[in-house]
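Consider the two complexes below, in which chain A is the common component and chain B and chain C are the respective partners.
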Partner chain A sequence: MSKPERDPYTGLMTTGHEWNGIKELMTPIPGPVKFFLALTILSAVLLWILYPTWPYGPGYTKGVLGVDQRTLVENNLTKSAALRSVWEDRFTSAEMSALEADDDAMTFVRSHGARLFEDNCSACHGLDAAGGPGFPSLTDDQWLWGGDAETILETLRVGINAPHDETRYAEMLAFGDQGMLNSEERRTLTDYVISLSRPDELTKEQKELLPAGAELFDANCSSCHGEDGGGSHDVGAPNLTDDFWIYGGDAASIAATLRHGRIGVMPYWEDRLSEADLRLLSLYVRDLRPNQQ
Partner chain B sequence: MLDKHAKLERNALAFVFAIIFVASIGGIVEIAPLFTIDETVEEVEDMRVYTPLEVAGRNIYIREGCYACHSQMIRTLQDEVERYGPYSLAVESQYDHPMLWGSKRTGPDLARLGEKYSDAWHVAHLINPRDVVPSSVMPSYAWLQRNSLKYEDMDLHLAALRRVGVPYTDEMIESAAHDTYGQAKPDSERADAFMERYGEDSNVRAFDGDPGHLTEMDALVAYLQILGRLTDVAHQQASNSTGGE
Partner chain C sequence: MISQLTRDERALAMVLCVLLTLFGATLGLVGRDDVLGWHGALLALSGMVLLIVIMSKIYDPDPNPDRVTKYYDDPTKVGVIVSMMWLVFATFVGDWVAWLLVYPEATFDAGWSSFGRLRPVHTTGVIFGFGGNALIATSFHVLQRTSRARLAGNLSPWIVVIGFNLFCLLAVTGYMFGITASKEYAEPEWYADLFLVVIWVVYFVLYLRTLARRQEPHIYVANWYFLAFILVVAILHIINNLAVPVSLGHAKSYSLFSGVQDAMTQWWYGHNAVAFFLTAGFLGMLYYYLPRRAGRPIFSYRMSIISFWGITFLYMWAGSHHLHYTALPHWVQNLGMTFSIVLVVPSWASAGNALLTLNGAWEKVRDDATLRFMFVAAVFYGLSTFEGSFMAIRPVNSLSHYTDWTVGHVHAGALGWVAMITFGAFYTLVPMLWNKERMYSSRLIEAHFWLALAGTVIYVFSMWNSGIVQGLMWRAYAENGTLAYSFIDSVDAMRPYYFARAVGGFLFFLGGVIGLYNIWMTTRMPAVEKPPVYDLPPVVAAEPAE
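And then the complex of A and B:
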């Protein structure tokens, strides 16, 4: 190892290292780099003063600006809530029936409600709101609990069989699993239920059993579904005389429903959506059905 | 000062220690204080533990790699709070070992998924996501509905969790297997015993729709339905700060 020496060509010192005659220059850090390094250190010190940085035991320096992520997001939320209130107030203050008659409001409902529906409802009811097996269609005029805007709003708010204190509760009993009806009785009853909407589908033999089916229906089903099978909005019992089926209207589906029962769940949205959004969605859903009122 | 640096560079051992010291400053400043600063983890009274069935579901969530596409962390950003709900608090992950915050969102964040959809929807969605969300790119997990849940060793899982700080009682650990079974079989003796231990508000349901068969689907759906519902504190905090919106 040689001693550092002055390089005759550049006038700089060498590091003192030498490998087979190759020596390394001790080039000083360029001025601009030094400048920006100093600037970085300076801005770090500045940030220590302005923002929350240094921890000390049980706490940390809060910084003179008092910036806090949580306050920031809360301020942003308050600001956007204020912006929204321009149109939101109209939906929280007016009567639902008045809003329904208000073309201007309904135009807004159709555009904004579509996005709310897509975000929150379409997972179950489908993008086209036509439902699917186990999830009711919202585009027809058949409703379990009633289809006016106020009733839909209540269903949205508390849900059905949902973990909300005021939730709507309805259960189709498992007549088979709980041993209330044997398989022969269930078969007779299935045929009777089919006869309520599509009597032509039954064979002669099946038709002969219909009076027995009617008796069974009267004893087991009519308290919820009504004597004529027309259902009831008060207890959320579906109408059995139409062509609207949540779990399928073919013989096998009806037999499965009778045997295992059904407890459909509609989640509640009171905690997730604002009052304005809930009302807007109710109007949107109400507006989905064909215009024939 | 540069001369001293030259001296340091020539002393290998001292240089190694100097590098270790400098490189650890970031960690010391950012991580260590989290154990001493009081406000790091909020103290809440209503925080409840995962039930054995939910722990089993959580294990399946980890096994199937759900965290690779779903995060469980709502950040303090306006768009996230407006889409998913109140931002996540540290205490909500207090009993998560390991935590499943994740960092990638191919699918949506799941931190507030609990009770957003019905059990039936989760089952249909896990069997074939496209049946309910036509545009979904999520893989199908249909076998969960067929696989019986292995629950005999749930006491060991609970014991391990207690060792890292989850306050399970001896009784909970002892009856973990029975409780796993009971939570998915309503109106049974084991369900009653389960509710006595974990509280009346716990979900006791046949999560996969079939009370006769305890499947992995039961466990996973039970876990998904509790996400964001172990404590109410995030919602309370949100309604306090924004005036009940």
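And then the complex of A and C:
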């Protein structure tokens, strides 16, 4: 330990402590430190008086302003509900067809509907609503369950194969896995399904088997997809004669569908979105179809 | 290094290695149906490798008995090198995950390389791997010099250094396996946590016993901070990680706390990990290496005192500001907020004490990149503590919470303060440790300095921007009472900032690589015999009796 000494640069005294060459100055606490310490402590005390802060056994100090975060949130919710009620009432009471014909309403649908779609639907259907493998495109005007606004609303409300009591239910059977069709029959059937939309792709040998394929189709598929393969909105069976495919229209994808079946899920939104939002979203999706004027 | 241990100590070390192997083997056996088995195998393997290494030197001659008249710096040397290796590894992973936010596909199609597993590898790697090793290494060095006493043990420092790194290894490999306790900065599971408790108690006892040997009547400020760091981290670690394992043969455990109590315990831990790991420990570093490099006395002993007690007392209350606007009761949030506001004063007093210590040495700050590292560290310490208190104010927090502003704030502290002070300390320490006249290249230090500073500034500015933009977009309402933006809009708006952030992170990583190279090359320079000015040897006369 050394004696306190004067630091030649600052002219201040050291404490006299020394640790292997390191010394300390005995500088008093600078004024600003004391000032801000006092200021911050005073503001803390002020906040303790104004707001709920200190616990005591059974409760806590409520603060003289009587602020409570639950009430604050409730007030905010009430306020924004009031703002929303203006258009919400209109969207819940008016007929869908009337709303569709109303340019004002549809302008609002296009802006707010886009937010709703991006936050709730785009994770599966894509930002551009064009879908992807396993998730149908919503822009092509081809629908499993029907594409008018009321029907889309119902699909949104109850979902498809979703845990909702009234959910839409549809399943493509696993004809291979469940032993209903052997691999040769499935191959013939695959070629037949291709022939419904793209007959030119088939070879001559494949074409020769088409009558057999038609028989298999008639026996196994037509009850849902229709005799002509045109599908049915009643049971959510896709049209097989067009160019739109959910799981792919190439031979390998069709064969896989035939063998393992498909049971796609669309969540239901009844409990998650308000009635107004659901109706607005249906109109938005309806509005995505091509050739809109 | 092993030759610095007596044969008895080597024998004891071998016993410990056998115990580690047995522990690992047991864990491996009971956990053979779980990922836990791999970790058991890892520990058993480490124990065996260490055993073989020691066995190969068991018949080397005993060390010179005059070793007690010297400081014991081998563990510090290892700590410094390992710390820099962790830095390079963990900032690489950090920059990788930063690029993942720009190009999400820039990873392998595997579980271990997903963002959610790599991010904790980055955070644990930098905080515990880099920061923890730096703290352990420098604390041993500072403790001995300021106490003028040799470490109170020859084996226990190795238990601390090696054991701590094994813990870090368990942690980061565990994340890649998918093991996590799901608590931020406390992700390792119960067995790794228990392992760390043992290591940490050894560290604490070693520190206290060495301090008890000190030949100076007063305990230097740096040691107050290091001791606070060791003690409080032990308390935090034990309480926050209280959990019940699914079974002894299973890595998964469930926290003893649930719901909002669990959240509060976690952020009491999380905030005080920032306070006592990333602040107190590194203030200990600052209080030794800064005055030493500047050749100036500490500006004010009294400021040291009020800062120390201010920081240690106030931080303990502030954790609830991480849970503003949550299910946590309103009063707990407010209480944490008020203590956070007062906290800015002792924090700034610390930063001010450091900066004012540089009075009379500003020309050195200009010329010497090592001292400049420590100067910039003190500035960033001041900036980020002010920012932290500011963000703890509830209405401010309603904008900043869950945004990149938090990420920017953390990195202003981690890059600007924690890493910069460590670089300054290492560049001061390394030539002393290895008895070199200077670092291998001062131009490389200069290059490291500007890379680190540029990287930090780019990082922090881009995160401030993205954070505030996010916060504003998320809260923006259209006049009809609906949200003005969808979430994906805000994600899309982040792209340029994320790109800039990843570039900044890359610069910082590059600086770390240069630092490791420079330190490594310094160790290979010829040693000088001239005893360094400040390094008076330990006082040993009174050691055994005392």
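The criterion applied here is as follows: the second predicted complex is superposed on the first by the 222 of 293 C-alpha atoms of A that agree within 3 Å, B and C clash if a C-alpha of one lies under 4 Å from a C-alpha of the other, contacts with A are read in each partner's own complex, and residues count from 1 in each chain.
The rule is short, and it goes like this: a contact is a pair of C-beta atoms (placed from the backbone, for glycine too) under 8 Å apart; a residue touches a chain by one contact, two chains touch by 3 or more.
Worth saying up front: this structure is predicted, and the values here are computed from it rather than measured.
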Touching partner for A:Leu65 - first (chain B), second (chain C), both, neither: neither
First, second, both or neither for A:Ala114, with chain B first and chain C second: second
Touching partner for A:Thr14 - first (chain B), second (chain C), both, neither: second
Chain B versus chain C as contact partner of A:Glu24, first or second or both or neither: second
Between chain B and chain C, more extensive residue contact with chain A: C
Contacts of A:Trp54 with chain B and chain C, given as first, second, both or neither: both
Which of chain B and chain C A:Ala219 touches, first, second, both or neither: neither
Contacts of A:Ala98 with chain B and chain C, given as first, second, both or neither: neither
Contacts of A:Pro267 with chain B and chain C, given as first, second, both or neither: first
Which of chain B and chain C A:Phe135 touches, first, second, both or neither: first
Overlapping contact positions on chain A, where the chain C interface meets the chain B interface: 15, 54-55, 60, 69-70, 80-81, 119, 122, 127
Touch list for chain A against partner chain B, complex: 15, 54-60, 69-70, 72-74, 76-78, 80-81, 119, 122-124, 126-127, 132-135, 162-163, 264-268, 271-272, 274
Contact footprint of chain A on chain B as seen in their complex: 6, 29, 32-33, 36-38, 76-78, 81-83, 85, 87, 115-121, 124-125, 131-134, 203, 235, 241-242, 245
Contact set on chain C toward chain A in their complex: 145-148, 216-218, 220-221, 288, 291-292, 296-304, 306, 310, 325, 329-335, 337-339, 341-342, 344-346, 348-349, 352, 356, 359-360, 477-489, 533-536
Interfacial residue positions of chain A with respect to chain C in the complex: 1, 7, 9-10, 14-15, 17-30, 33, 36-37, 40-41, 43-44, 47-48, 51-55, 60-61, 67-70, 80-84, 86-87, 108, 111-112, 114-119, 122, 127
